[in-house]
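Sharing a structure with you now.
Labels A, B, C, D, E, F, G and H are assigned to the chains in the order they are written; within every chain, residues are numbered from 1.
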Amino acid sequence: MSANKNFQVAILMGSDSDLPVMNQAAEVLTEFEIKYQIRILSAHRVPHKLQEYVKEAEEKGVKVFIAGAGLAAHLPGVIAAFTTRPVIGVPLASGALKGIDSLLAIVQMPSGVPVATVAIDGSKNAALLAIQILASANPILNKKLLTYKKKMEDEVLRKDSELNKS
Amino acid sequence: MSANKNFQVAILMGSDSDLPVMNQAAEVLTEFEIKYQIRILSAHRVPHKLQEYVKEAEEKGVKVFIAGAGLAAHLPGVIAAFTTRPVIGVPLASGALKGIDSLLAIVQMPSGVPVATVAIDGSKNAALLAIQILASANPILNKKLLTYKKKMEDEVLRKDSELNKS
Amino acid sequence: MSANKNFQVAILMGSDSDLPVMNQAAEVLTEFEIKYQIRILSAHRVPHKLQEYVKEAEEKGVKVFIAGAGLAAHLPGVIAAFTTRPVIGVPLASGALKGIDSLLAIVQMPSGVPVATVAIDGSKNAALLAIQILASANPILNKKLLTYKKKMEDEVLRKDSELNKS
Amino acid sequence: MSANKNFQVAILMGSDSDLPVMNQAAEVLTEFEIKYQIRILSAHRVPHKLQEYVKEAEEKGVKVFIAGAGLAAHLPGVIAAFTTRPVIGVPLASGALKGIDSLLAIVQMPSGVPVATVAIDGSKNAALLAIQILASANPILNKKLLTYKKKMEDEVLRKDSELNKS
Amino acid sequence: MSANKNFQVAILMGSDSDLPVMNQAAEVLTEFEIKYQIRILSAHRVPHKLQEYVKEAEEKGVKVFIAGAGLAAHLPGVIAAFTTRPVIGVPLASGALKGIDSLLAIVQMPSGVPVATVAIDGSKNAALLAIQILASANPILNKKLLTYKKKMEDEVLRKDSELNKS
Amino acid sequence: MSANKNFQVAILMGSDSDLPVMNQAAEVLTEFEIKYQIRILSAHRVPHKLQEYVKEAEEKGVKVFIAGAGLAAHLPGVIAAFTTRPVIGVPLASGALKGIDSLLAIVQMPSGVPVATVAIDGSKNAALLAIQILASANPILNKKLLTYKKKMEDEVLRKDSELNKS
Amino acid sequence: MSANKNFQVAILMGSDSDLPVMNQAAEVLTEFEIKYQIRILSAHRVPHKLQEYVKEAEEKGVKVFIAGAGLAAHLPGVIAAFTTRPVIGVPLASGALKGIDSLLAIVQMPSGVPVATVAIDGSKNAALLAIQILASANPILNKKLLTYKKKMEDEVLRKDSELNKS
Amino acid sequence: MSANKNFQVAILMGSDSDLPVMNQAAEVLTEFEIKYQIRILSAHRVPHKLQEYVKEAEEKGVKVFIAGAGLAAHLPGVIAAFTTRPVIGVPLASGALKGIDSLLAIVQMPSGVPVATVAIDGSKNAALLAIQILASANPILNKKLLTYKKKMEDEVLRKDSELNKS
């Protein structure tokens, strides 16, 4: 089991309604046997707790933060204000504007405080990006990424050849 | 002089490049003889200082916060997380997207933590809204608002009659 | 019961189809025991009645107007033209453009006539903002806001700890 | 001279900064010898005066209103609330969003109260549309429109043949 | 029965899939006893037939064209190229972009060839605008419009008073 | 000299203000020694002349149409209605909306009448696409395209190596 | 049967989830008896295979590529980098932004490498455009296009006359 | 001097016109004494060279790719297709749409192939993100980041205190 202890990745979201999308990040990390912790900590509703958590997580050795947020999505940027670890932002498609609001609220960070933004609802890619970051200092993990890439490739080729069989 | 001591309104911005727009709010407050304080305190670059300031300002009796921010504009929302005073957000038109990013990043706040948003670069209106808020418990100030409204009216009528004279 | 008499907040909308969203504002006000009046008064269909109402409500002591509108949403701005009380605008997501039209039609007010805009369909936050405005001259109400904020906080922490129990 | 007396078209705008664009409508009307009146009457700053004017203009026999407005452009819609005459709305490109705000705030009118919207800064076309409306009951005016159309045609053909001479 | 013979208004659309929306215009015209003709004539699929029709309709005395179109909506503009009668364009919300494409393709007409644009799917308002145009030379029709406006007003007031009874 | 006689490509635009952008297409065609004709023929101002021209051009053997247009850009779609030859549409960035209007008005064509759309102001690419179309039945022209591609490649490599020399 | 051998058109997509839309292109080609090949070859997941395929297809005589892609749609542009044959791009409406992302990612190609872009989900038109390209050197195919155009025309006229019968 | 040999970061762009923005990334890396290589290698114009380079760079030990691109910005995504190293995408504000096209073309990557996207023209933040990634396995570099963060903080506080002195 890969969650919670000595975790390298922290997955955060502001509300439990974000869980279905953010759990996809957890699943990818599990598949790569990366330890993670998944938390509900809103930048607007529990701001003190959030910054406490960021500091503690960093001290415990977390290497990457993944933060999903919808609407005026401040969570990834607020985390980035409190850490020098890479923060990956996942804009969520909640609300009437379907994520164009959260995308801009996450990606357009001012100079000095970057957030690595992925696609709207792209929590799978957030996990893969976190793994790429960890893998840059971990050749074994990098091999797993190469295997994963190969599997994706095979999957496409399989579907392609099936299409042309039928 | 109306700035700084026993101030009722705090004007905040994340960068000194926002001063030309945010100073317009200060001018309106001065016109109404409302004491204010104007500060540069970024949500991303000095987050600890910012929340300290919000608490202190509240204790000193500030009644309304005005916060201007561009791009992924988090400043108003982060202030709102730390206070129950009304927070007025001014989206700034800095950057390639000309303020549609900051507008969405300010106005689309999640349930429970409102930010009173005005137009892009609308810092004058932010000041007027702050005065309306103060005036709701201050009949003398409300009279000043009525006079201001009357003056605006006269100004329009004067321009209209000039147009039809020429 | 907190509706209608000696009301401090007026909730207006242009059409009864806006009721499901605007009632959420009423519920929050009820929760805070704030007296309010809720009315259907379109800026385009009953303009005379609307301005009459705004004047009367102001004379009866209303402190804040909340106005919800969709499409080319003029209701909040038209109210603001007739009062110096703070007007809170709620853009509604009705129609093909899902509220980006009403957001811009409400928030982009010209200099001199502010409307405090909240998120698309954000009528809950409109109510909270109204309460914050009332609370700026009412320490007891402000305490209720602090309790409300604390409850939100506890709710997030409870959900967070549940997530990590399971 | 075609302005002001027994005018058939009223050209309105909210601010004298809109004059350069709105004067183009006046020039087209002058070219067609249509009597018009041009006025600065803001829906937000002089709302009482505006509705008074609309009623008076209608009684004096005005047949069409042309209203130019920028930002949260309410002027055309507010006029439409007070008259059954056709109202032509001209979205102006003032402000950071270059007119997409005023376009949506004008064109997306709710059922029952139409505004005939033309292009952003399209005040020339607003005048032509007003003339088409007047011409639908005036064969002589319609002939002038046909001549105008023919002149436009000739102008294009002249430029086309010049291009291919050079 | 008010359709087809000696019609004053022509309602056109490019495809029979547009009928459900465009029929709402027909219903409003019927309610006002205005004779109209409703036709399916695409600018792209039957361009010759379309321009033939526009000429014939004009000769038969049609006073206003209403044209509904989705996507790259050219129908209203193409009609406007062939007539001096007012053309009312109705952007339809068909397709992935929900009408923002058809709105821009209709409203942003170049100088010289106006199209009177109404809201996305706003075919009711298109009919009312057509009636306003006809009424500008027809006092009896204008009275009907005043009655219609009054009925709308009463309807809002009825709903408002019901809300406050319950 | 490659213009005008026995031309294979027709370049059209609605206004002489579009010439600076559309001339770039002519230059590319000249570079490839493709005969073309360049014309100013508006879909809205000279609709009869335009369709006459399309028919004549087709009979004279034109193989591809290139049409540039801004705002509610109907020119490419109207040409496509009258021919079975490929029509390449160039959205122009004229007007307040900087070409997002013309892009949507060109690319979102309904089923049955395609327009091959290139980037906003992308008239160079329109010419290259026209050449690719001609080259699909002309191996010598295809070789020229390969040479052109090679030259682009060399240009990038030259700039890259210069950058790393300095 | 018109698929696969000595094919003139290659239809590509990045994922089997794009098949329902892209199959509509295949159906149109079948209707015109054009040989095609349909393949699943992602620019991001099987990049080597994709470029191999483009080269092979070109050598086997393919005349036009049709490529459908959603989100950050790179497939058409990447194909265009490896061939001088015309590449037709079909933006797909997958994802939260409903195709405005894929439209821009396909149509806004830089100078030198055009992609002929059609409407969002416009794979039918992509096929027709491919046929128009092939027909520019094939008079028999061009006749089929004229017949197809005629049939579309008849279909519209039939629906129009049915509407006016009922 | 920190460029070129045994470089850890590769900065790529498609055109030399992107240099002024992308050089800002190089300057930040130089400030942190991170070795980098800066190259002009277009995904569309030199696709073979680009993928060769990605492979070589990876073998030479590059840890992070930074890729800037405008318009239909494919460069970061194409690099990501060929490597498991983190790829940071910088959308550039070139062209009529001011970077909203390149933002969407970079950030909306499909599942399996992430690109870490920063703000439009945010090449400074791209460099900082690259350093954060390198620092996750390098405590000394992390200290430099903390110092950098502290300096930013001091700079804001200095400007703030200057503002309140004056």
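We take it that a contact is a pair of C-beta atoms (placed from the backbone, for glycine too) under 8 Å apart; a residue touches a chain by one contact, two chains touch by 3 or more.
Note that the structure is a prediction, hence the values are computed from the model and not measured.
Student: Can you give me the shortest step count from chain C to chain F, moving only between touching chains?
Tutor: Between chain C and chain F, the shortest chain-hopping route counts 2.
Student: Compute the rotation angle for the C-alpha superposition of chain A onto chain G, expressed as a multiple of 5 degrees.
Tutor: About 90 degrees, rounded to the nearest 5.
Student: Which of D-E, A-B or A-G has the same interface as F-G, meaning more than half of the contact pairs match by residue number?
Tutor: D-E
Student: Quick one: chain A and chain C, Cα centre-to-centre, how many Å?
Tutor: Each chain reduced to its C-alpha mean, chain A and chain C end up 35 Å apart.
Student: Report, in whole Å, the distance between the mean C-alpha point of chain A and the mean C-alpha point of chain E.
Tutor: 50
Student: Quick one: report the Å distance separating chain D from chain G, using the average Cα coordinate of each chain.
Tutor: Distance between chain centres: 44 Å.
Student: Which positions in chain E touch two or more other chains at once?
Tutor: If we look for residues of chain E contacting two or more partner chains, we find 15, 42, 45, 71-72, 95, 97-98, 100, 107-110, 112-113, 115, 119-120, 149, 152.
Student: Using the touch rule from the top of the page, what pairs of chains touch, sorted by label?
Tutor: Those chain pairs which touch are A-B, A-C, A-G, A-H, B-C, B-D, B-H, C-D, C-E, D-E, D-F, E-F, E-G, F-G, F-H, G-H.
Student: Can you list the residues on chain E that touch chain G in the complex?
Tutor: 4, 15-16, 19, 37-42, 45-46, 49, 71-72, 95-98
Student: Could you pull out which chain D residues touch chain F in their complex?
Tutor: Against chain F, the touching part of chain D is residues 93, 98-100, 119-121, 149, 152-153, 155-157, 159-160, 163-164.
Student: Residue numbers of chain G touching chain F in their complex, please.
Tutor: Listed in rising order, the residues are 63-64, 84-86, 88, 103, 107-120, 122, 124-126, 128-129, 132-138, 142, 145-146, 148-149, 152.
Student: In the complex formed with chain G, which residues of chain H make contact?
Tutor: 14-15, 42-45, 47, 51, 70-74, 77-78, 80-82, 95, 97, 100-102, 104-110, 112-113, 115
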